[in-house]
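Structure in structure tokens, see below.
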Amino acid sequence: MDIHEYQAKERFRAAGIPVPPGEIARTPDEAQALAEKFGGMTVVKAQVHSGGRGKAGGVKLAKTPADARAYAADILGMEINGLTVEKVLVTTAEDIDTEAYVGVLVDRKKQAATFMVSPEGGIDIEEVAHSNPEAIRKLTVDPRYGLLPHQAYWLANFLYEDPGLAKQASKIVGQLYRAFVDSGASMAEINPLITTPDGKVKAIDAKMSIDDNELFRRPEVAEMRDSSSEPPAETKAREASLSYVKLDGAVGCCVNGAGLAMATMDLVKYYGGEPANFLDIGGSSNPEKVVSALEIITSDPKVKVILFNIFGGITRCDDVANGIVEATKRIDIEVPIVIRLTGTNEEKALEILKDAGFSAYTSMDAVVEKAVELAKA
Amino acid sequence: MAIFIDRDTKLVVQGITGRDGSFHTRQMMEYGTQVVAGVTPGKGGQTFDGPDGTTAPIFNTMDQAVAETGANTSVIYVPPPFAAGAIMEAVDSGVDLVVCITEGVPVLDMARAHAFARDHGVRVLGPNCPGLISPGKSKVGILPAQIVKEGPIGVVSRSGTLTYEAVFQLSNVGLGQTTCVGIGGDPLIGTNFIDCLEAFENDPDTTAVVMIGEIGGTDEQEAAAWVKANMSKPVVGFIAGQTAPPGRRMGHAGAIISGSAGTAEEKMKSFEDNGISVAERPADIVGLIQDALG
Amino acid sequence: MDIHEYQAKERFRAAGIPVPPGEIARTPDEAQALAEKFGGMTVVKAQVHSGGRGKAGGVKLAKTPADARAYAADILGMEINGLTVEKVLVTTAEDIDTEAYVGVLVDRKKQAATFMVSPEGGIDIEEVAHSNPEAIRKLTVDPRYGLLPHQAYWLANFLYEDPGLAKQASKIVGQLYRAFVDSGASMAEINPLITTPDGKVKAIDAKMSIDDNELFRRPEVAEMRDSSSEPPAETKAREASLSYVKLDGAVGCCVNGAGLAMATMDLVKYYGGEPANFLDIGGSSNPEKVVSALEIITSDPKVKVILFNIFGGITRCDDVANGIVEATKRIDIEVPIVIRLTGTNEEKALEILKDAGFSAYTSMDAVVEKAVELAKA
Amino acid sequence: MAIFIDRDTKLVVQGITGRDGSFHTRQMMEYGTQVVAGVTPGKGGQTFDGPDGTTAPIFNTMDQAVAETGANTSVIYVPPPFAAGAIMEAVDSGVDLVVCITEGVPVLDMARAHAFARDHGVRVLGPNCPGLISPGKSKVGILPAQIVKEGPIGVVSRSGTLTYEAVFQLSNVGLGQTTCVGIGGDPLIGTNFIDCLEAFENDPDTTAVVMIGEIGGTDEQEAAAWVKANMSKPVVGFIAGQTAPPGRRMGHAGAIISGSAGTAEEKMKSFEDNGISVAERPADIVGLIQDALG
């Protein structure tokens, strides 16, 4: 789960990281009031779960409260990568001497939290990792010991030669790790970490992703979820415990298992179609879940056909077939449905489906070819 | 022969009294797996009733279960908040292999649990994996027994149902399996492709290997390099997720393309560059294996 | 640093361990008032840093508030192993079904915190460890992982067969470890841990020693020091950063280095005398420290002679000699002083001392023999 | 030869700019120890001025110091709150030996630091120890150089000044030392008696060993059993604290008799039972060594 910059900054502040003052505005008036309260120049920043805010015009430097108001009016309601901006962060503008990068994420290969720091801030760290790896210092945190003081200091020394700045940065690295762990994060980033002309080190941007699996024990973090910033279909899928990702094609996919679901999408493409979504309904034959899945898929007006691809393993195919038949009775569906069902009790299942008027297949390739054909019709 | 589990596998089921645990324990017992014990804290002294009048004693702790039954393997069906703890308990108890089925375990919990397992030299499979099956010998986890068949092919996969798809097709043309291993869809897993490939390479009964990967991470690329350097047996590979968008999690916590790393394209290229035959569709796997075996 | 039972119980309560209500009384009236407040039977317990309270009559079960008053009157002012009781803990009396032992301390050999638990409670755990080791289960906590849930449960299962009791005890074991670590303790003990007829597990006695080296970062624990419960000379020594332990003999010892100080005491005994104290003045030649040392030694009326044994290493002997001469000028000392000084610049030092009228030696055996002779004179 | 340090020892001083650190660094340089670097965070780039115009560069981190100078040993003079961290930094930097002089380090800090050192296979001496000296070769720590002398006796001790006493007497009768090691007076120490005895046993130049123990713990008893089982060279032992009362800490954090364990009587008996000559007084050590060497 991604959280907004202003939310990540709250977590950072709680961990002691120096973050300039800033608050959220939902209207131009609020933005102006905040700019007046802070005094001096401010920055108005779109709060949206997307990269490239700056390029899209979602970040503006305001000289006066009136400017802040005007920029907020521009930014609120703006669409950035398909997401509507509903909130802006109004924060004081800082004098910037240098910009650096400090980030921590879970490294799959090292199987542990890993820091990356670079004195080149405000950049795409992955790009720097490729183009100029010497500009990055990496450190994997041994989960048995946590981040040790000398490790934080070692990272900080890569950023600043000045002892005073290095000392501040060392503290911030430790605090960032604290915020990362205490938030159950999978990624936390300060980009840029700035120095000011008067020798202070501060975080002026903040990014954090939370491990969804940590949310059950961190209700205060779970509350940070902003459903307004994701497609309604994805919200509904999450609430129904379905894995769903919206795409652009016409073939609505409903599959059991994530790997098979991806392979199904790929096969749609292979046969010349475009998948409308990724959707894993899991191992359940529960009609409720199938109903939710169908509602989500059909809420996408681009969908021209619905494709079920079910591999019955422990779950018996006839149970799943009954679930599908039951579910389709409960909701009106105007697009054709094709179904592939194989595995345990497959013959029984195919009969049930045919009796209910569905096209039933046992071969994955056959059903996908059919679905693509129907989508083009 | 087979890898990781065979007829000598003596299994403890952690979370045996739960809904999933009890269901799959019966399935494993039916298949012939030696389920020697179950563990549910607070239910020690009770007995688990398996199929056809078989039973397994239930203990409060792994320590007791192993001491009393000589178990050498454990499988975990406990809920996510307790799964990492259950892994560490199993590691501490002296078993050789711990298979964690549970999905949704916090990743930082797993960083600690994997470190603990490494410190103790114990193999963990998973978490968030379907387990493994050595046809005709033993089944640990949730893989459907009816689709497998004894034979010479090793199968290793990050996915569940996609594995069934591949195994089903292999079995249908008479190509049975030594062992089918689901290594799991999480970002931090205890046993990776290379571990399995190495075991298959060393298993005299395995003649060829099917390796099913997906987007996210670079495990497949490292495995491909390992295959080229170390593997004498033919390997056929498939990657799911060619149409997955970057930055979105595709069901599995580990199936996400971050930046330029972990795309299906990159993985398939790496397979090709390292002498692994790449199946474009799941349906192509069987043909490629048949070609490889001549 | 030992802390009192009531203080250890405060730490335990803060960690969530179930501890029956109890408060401190300094007068019989306060004790009666507390007994009235709690209602029912109470226990009046001497708060003193000594074992064997019970045998000495320092723990009494009071049926009524009047009883509590009477017992408090008996116990307050009582001497237990040379320490005067200044406070009593008044706590509710619990119905006891079973008694167990749970303790954790730093094990030198394992180099880590180690738990010992036994279903035989209210006992001397060291005695049980010798007489009946099978009645004890031990567990060393890996400092890299801390106490793991299954380990706490494994210990608890050794105490109770009943699942409900084992679950409670498992939680308490975890809380005890938390209290131990958060207090910077070197030892923490619940003895006994009881079960009540209604199936509750509770800590009715508590013991904790704090690692002195942790106090600098735990001011709230450092404040728990009760100077009234130690000899004034030891308080003074601690404040002067001297290691001092009062003993019963007549030869006051003033030595640099702990090992040499112990060896000096042993040699006093070897030559037929008895040391009056252990005192390590450290490596300093600072007259202030020597003054404090002399004041502490001479405050003991049993002391008949003062013996300096100084090995000059990095510190030069002449500096130390000057320090001793300077210090003895500042305070009146009525007992003879004999001094052994050897090592760097020893000749110079011996001259300084002789000029100031002191008996000066270079051999440790010679000076100790002389001191014992003077103490007997 | 000598143990642990010799002419090849290249030393970094952690806390070189502090009062104790700078004083003892000069002493070590005067003795001829190769002090190749100092570390004080924030003072990197400065230079430490040693005796006779010698200097040593100062770095911010151990990592830099080792990379730039090839140091293989570190000695620590930083205050107690930072000592365990300094040990871990040194361990991480790639040196082979870390000597911690600092007294007053919290014991739970040391439990972690010792675990870290074990994980990295690095030897720690101390904390709360005077260090060690290989006469004529190298000195690391605070032992007074003027009392030692080159020769065949190994000395290992938990105490500081009591060691000086013994070494002084040995030197006075011409019995020089291969190495004198102060293992420290804390309850948790990185290098114990057995480690030193084993090193002395393997050192061809050492012909006999003096071992000076004290009350508290059971290190001496374990060392005595080890001597009987493994040691070919004669060992003379002394134990301080025969008159110490139980339950009281005698200066050193580790010098405390807990219950029946750790009394001087028990330790002396253990020495006798395992063939170690026991000196009743420090003055007897020399005679016993002379007897042992014939």
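Going in written order, the chains are labelled A, B, C and D, and every chain counts its residues from 1.
In the analysis below, a contact is a pair of C-beta atoms (placed from the backbone, for glycine too) under 8 Å apart; a residue touches a chain by one contact, two chains touch by 3 or more.
Bear in mind the structure is a predicted one, so any value in this text is a computation, not a measurement.
Least step count on the touch graph, chain B to chain D: 2.
Contact tally for A-B versus B-C: the pair with more C-beta pairs in contact is A-B. We define each chain's centre as the mean of its Cα atoms; on that basis chain C and chain D are separated by 28 Å. The distance from the centre of chain A to the centre of chain D, with each centre set as the mean of the Cα atoms, comes to 55 Å.
Multi-chain contact residues of chain B, defined as those touching 2 or more other chains: 112, 119. Residue numbers of chain A whose C-beta contacts span two or more other chains: 144-145. Taken chain by chain, the contacts fit none of the simple shapes, being neither an open path, a ring, a star, nor a full set of pairwise contacts. Inter-chain contacts occur between A-B, A-C, A-D, B-C, C-D. Across the interface of their complex, chain D is touched by residues 144-145, 148-151, 153-154, 157, 163-164, 166-167 of chain A. Residues 106, 108-109, 111-113, 126, 130, 142-144, 181, 184, 186, 211-214, 216-217, 243, 245, 247, 255-263, 265-270, 275, 278, 280, 311-314, 342-344, 363-365 of chain C are the ones that touch chain D when the two sit in their complex. Chain C makes touch with chain A in their complex at residues 144-145.
Across the interface of their complex, chain C is touched by residues 23-24, 27, 80-81, 104-108, 110-112, 114-115, 119, 142-144, 146-147, 157-165, 168, 185, 187-188, 212, 214-215, 217-219, 222, 238, 240-245, 248-255, 258-261, 264, 280-283 of chain D. For chain D in complex with chain A, the residues that touch the partner chain are 41-44, 60-64, 82, 85-86, 88-89, 92, 112, 116, 119.
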